[in-house]
Structures are given as structure tokens and as C-alpha cells.
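Structures for review follow.
Two complexes come next, and they have one chain in common, chain A, joined by chain B in the first and chain C in the second.
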Partner chain A sequence: MHSFGYRANALLTFSITILAVICGIASFSDNFNSPSPAAQVQVLNINWFQKKPDGDDEVSLTLNISANLESLFTWNTKQVFVFLAAEYETPKNSLNQVSLWDGIIPSKEHSKFWIHTTNKYRFVDQGSSLRGKDFNLTLHWHVMPKTGKMFADNIVMSGYSLPKAYR
Partner chain B sequence: MGWIGEQIDSVKSLNFRQVLTQAINLGMIVTSALIIWKGLMCITGSESPVVVVLSGSMEPGFQRGDILFLHMSKDPIRAGEIVVFNIDGRDIPIVHRVIKVHERQETGEVNVLTKGDNNPGDDRPLYAQGQHWLQRHHIMGRAVGTHLSSPSFHLPDPLFLHVKNWYWYWMTAIVKGKWFFQWYILIGALGFLVITSKE
Partner chain C sequence: MDWQGQKLAEQLMQLMLVLFAAVGFITGYVLGSFQTMLLIYAAGVVLTSLITIPNWPCFNRHPLNWLEPSVAEKYPKPQPSANSGPKKKASKK
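Presenting the complex of A and B:
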């Protein structure tokens, strides 16, 4: 009953249980945070807009993205993954989501940002339906906690559209 | 040396019933572990409810050796989700994020492109020859949460790396189902302990 083995076993079991409980409480504490993020995106320029040899449309944009995601960070936040996706519908597809830019925000200090960039990932359609297309630019964020459940949300910004002709 | 002598004597003095009881106990433990594993598969709806992160392509979020709990619901796959998928012909599950989604009208079939957060380019070079997209049947599950990740533990560095390497070594072996001689040593030692313990 008092051997080293028994004591080591009891200690190990107890500490793992306590650790799990603490992780659970830490994760639960995130529910008390009510985030109020803000974002704004401007399409500064359509750099070019072509139909590729394989038949798919592709467009290159220059964007101005500004956001304030400070309210997402709690002490239990490891990082926030943020990305901007162009979302639109075509006759072929009920939903298309194309990520144009993404970034990792490691801490609260970096969560208020302003960035001027061309699209990081190619904006390519499945097919040739982009001429004159109205699309939304949705800023998504995925919060990765130090421990617990990951959660995500987004802001939809609508009113963007592509030119009616290639250029 | 005296301890080994004692153990060998106790082995010789065992009767058949005791050994059988111990063997059944061991069998019960192994079976319960199997039941828990299969139960998890049922609850999470995923073939592989737990995976180990094998590469650094999702750093700093997921580190090599992190354990992920997966969940596969009928919800549609959307951009930003972290999914685990298998490429035809390869047995290593890959944990990456969805960056493009094209969902068909009517059928709801989905074409998905993935990319590791820490990689410069998307996953097309990883897909099978001629494959440009993943479909739903390639995807084994979504990552739902993170545990306290290894860099958060502050052990002295050489010890920490040693522990982490061993942990990773055994985890990948379990995940890949590899059977090598260290397992035999482990099973042998376990068997010996089972036989010689008195309770």
C-alpha cells in the first residue's frame, strides 16, 4: 500500500486528472469572451483577367485589407488564422470559396493590421463564369486555443464585382 | 540479482490457475482498450478518431507529435476547416487546411484544395498523379480541438527533446501500425510483469 510503485501510480493518475480539469476550465473560460472584430477590404485594382488555355477564368487583384481582431484574443489563445475568401455562385457550382490571402496572427499585438497586397493564391474559377460576376469577400478567422475547442467565425463583405470583359 | 532470483522463484511456484487469471486480466485490459477505440470511431463518425501530426507543415499551430481528435459530421466542407485526408496509394494521413471549395449544384459534390499553413504552396504536388482536387471520400475527419501542445511544457531542453523524440517514435509506430522488434520486447516485459505480480 505504501510501496514506491503505488505512490508513483497514484501521483501520476492524480496529476493527469488535475491537468485535464485545468485544461477544461481554461477552455471554458473562453466562453466569457464576446469578440467584436471589425474588417474592411477594398479592391484597388483588377490587374488582369483572362481565360486560361484549359478553359478556366483567372483574375489577379490588388487588395487593401484592414482589420481589428484584438477582441478575439484571450489568455488561452495560441494563434488566430485569418484568411480572405472570394465567395460566389456559378451555374455549375452552388458555392465557390477561393482563398485569396491568409495570415497567422500569433498575438494580440499583431491583430490590428493593414495590408496592401495582390492575391496570394490564384483566383481561378472552375469554368468560365467570372465575367461580370458579383462576389462577396469574406474575412474568416479560426481561433486556435492553447487548449480546448477551436472556433471560427467570419465577416461577409458584399458588393464586389468583376469586369464584364477580359483585360 | 537477488530480485531476479526472487522473481524466477515466484514464477516456478505459480500454479496454472493463477497464470490463467493473470492472462485473462491482461486480455480484459487489451479488450477494453479496443472497445474504447472502436467506440470513439462510432461517436466521432471517423475511421480514425485520433491522429498524430507527423510533419511541421501546420506550425506554429500544430507541432510534430501533437495528437488531434477528429470529428466527421455530415456538415458540408468549407474553406478554413482543418481536415485530415488520405491520398490514394499512401497510408499517411495528412492534416492541412482547406483553402478552396467548389460545391456542385444539385449533387452537392465538393472539390476541395488544401494547404499546410506553414507550406509555401498548396497540396497539389502531394495529390495522386493527375488529381487536382480532393473529394469528400478522401477526407477522414475534421480537427476539432487542440490539447496542451508540447512547446507549452517547460522541461530542460535536452530532456525535453529526448522525451519528445521517444513519444513521437512510439506514436507514429502505433498510428502506422508498424510492428518491429521493440514491440516484442515490450510485450515480453508486460507478460513477465503480469505473471509475476501478485494481484
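Presenting the complex of A and C:
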């Protein structure tokens, strides 16, 4: 510590190490948050349901998605990425997950929301197995932190089904 | 800085940085604001660097007393035991 440069270097490296430590503790503190989110989805309308020329089924839905994700936000949350996926089983695949809608929630104020929309991404099957198909709608979320570990979870809502014939 | 001053500066730097980090973390956690934690810590780093890096007089209170050259010559440096080094001046008594 005998010169200006020596002390400046020591201070710089020590301060950065301590910064890493407090960011680590801040990320660890997220584990003490026990979230209690709620969500509900209604399929308001099947707009159309067709078999495409290449042989795959496609359906267009109008959805009413409402959720309360306030408890997911902590002091260390930058944003929450949320998406809705339709999940079902076909003879070809034991699990199909098709993302229908996603969004970014930038803050706690925006996390209690209600959205009325058609599906943002196309609901297309690999093949032609959608007629009369029962499917789950699962709302997934990724809590993206300002620093540290990202937490992800989901809510499964079951009981939805597609019509038995094309429209 | 003298030796005591260096020790003081180093200890002060470590203590102040850890203290500001702890205060910043607790304040940020309680207020629920990550930005507050970072601001308090950044202010602490700047304050610590202003106090411990420059050569303030308080770090020079125990200066080393180097001998005057004329006095130092009376006490020759110890000779290396193996091969002799460069020829030393003859010591005056």
C-alpha cells in the first residue's frame, strides 16, 4: 500500500469483489419469496379450424386471459416473461406444447392483467390429430432477476377441447 | 505514507467498503429497491477512495527516520559471507 496506484488497485478489486458478494446475497434472498399467482383462461371462440394444404391441422382461437402475478415480483425482479401454451397428446408425440401467446410484464403495477386476444402465434399440429382433442392451457412464467438466478414455474388449466369437425 | 499509515489506510478501506455494502444491502432490502442498494454502495466506494487513496498527512504521523549519510558511513553494511561483492569503502573510525 505504498503508492497511489497500489492503493487504488487494491480498492478497486476489493470493491468489485464485495459487489459480487452483495449481488449473490440479493439473488439468494429471492428464495424467501413464496409466490401465490393466480390465472384463468377462457376460450371465447373457435374462429376457424382447418386442415392446411400440407396436411397439418390449424385452429384459431379467441382467448380471454386474466392473471394476478403480483406476488412473483421481488426487489430483485427486472421483468416477468409469461407465455400461454396449449398442451396435448397425439399418437405421434406423447407431449405437444404450442405457444399461443406471450408477453413481458415490466413491473408489479402491470402484473394484474386481463387480455382479450386471438392467439398471437399459430396453433398448428404436427399432423392432423386435433379434431375433438382435449388439451390443457398452461400459463408459464419466467421471473427474470436484476442479478442472479431466474425462477420459472407454471399453472396448468385443464378442461379445454376442440370441436370434432372442421369449421 | 509511512508503515503505520499504510496499515491504517488498508484497514480503513476494508472496513468502510464492507460497512457501506452492509448498510446499502439492508437499506435496499427493507425499501425493496435494488437501485438504492447500488447507489449507497457506489457513494461508499467514492468516499472510501477519497479517504484512503490520497497521501493525507494523517497517514504520515510516524515517519521513518533515515540516518544522515555522514553518520551512516560509520556503520558499514555487513559483508556477504561467500564471494565478496563489489569492493566496499574502508570504514572510518
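What we mean here is this: the second predicted complex is superposed on the first by the 166 of 167 C-alpha atoms of A that agree within 3 Å, B and C clash if a C-alpha of one lies under 4 Å from a C-alpha of the other, contacts with A are read in each partner's own complex, and residues count from 1 in each chain.
We adopt the following convention: a contact is a pair of C-beta atoms (placed from the backbone, for glycine too) under 8 Å apart; a residue touches a chain by one contact, two chains touch by 3 or more.
Since the model is a prediction, treat every value here as computed from it, not as a measurement.
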Simultaneous placement of chain C and chain B on chain A, clash or fit: fit
More chain A residues in contact - chain B or chain C: B
Which of chain B and chain C A:Val98 touches, first, second, both or neither: first
Included angle at chain A between vectors to chain C and chain B, based on C-alpha centres and rounded to the nearest 10 degrees: 40
Partner chain in contact with A:Ala85 - chain B first, chain C second, else both or neither: first
Partner chain in contact with A:Asn31 - chain B first, chain C second, else both or neither: neither
First, second, both or neither for A:Ile18, with chain B first and chain C second: second
First (chain B), second (chain C), both or neither touched by A:Arg7: second
Touched partner set for A:Asn76, first chain B, second chain C, both or neither: second
Nearest Cα pair across chain B and chain C, whole Å: 7
Chain B/chain C common contact set on chain A: 19, 146-147
Residues of chain A that touch chain C when the two form their complex: 1-2, 4, 7-8, 10-11, 14-15, 18-19, 21-22, 25-26, 29, 74-76, 146-147
Residues of chain A defined as touching chain B within the complex: 19, 23, 27, 78-79, 81, 83, 85, 91-99, 102, 104, 106, 121, 126, 140, 142, 144-150, 152
Chain A partner contacts - residues on chain C that touch it in the complex: 1, 6-7, 9-10, 13-14, 17-18, 21, 24-25, 28-29, 31-34, 37, 41, 45, 48-49, 52-55
In the complex, chain B residues that touch chain A: 60-61, 78-82, 97, 99-105, 108, 111, 115, 117, 122, 143-149, 152
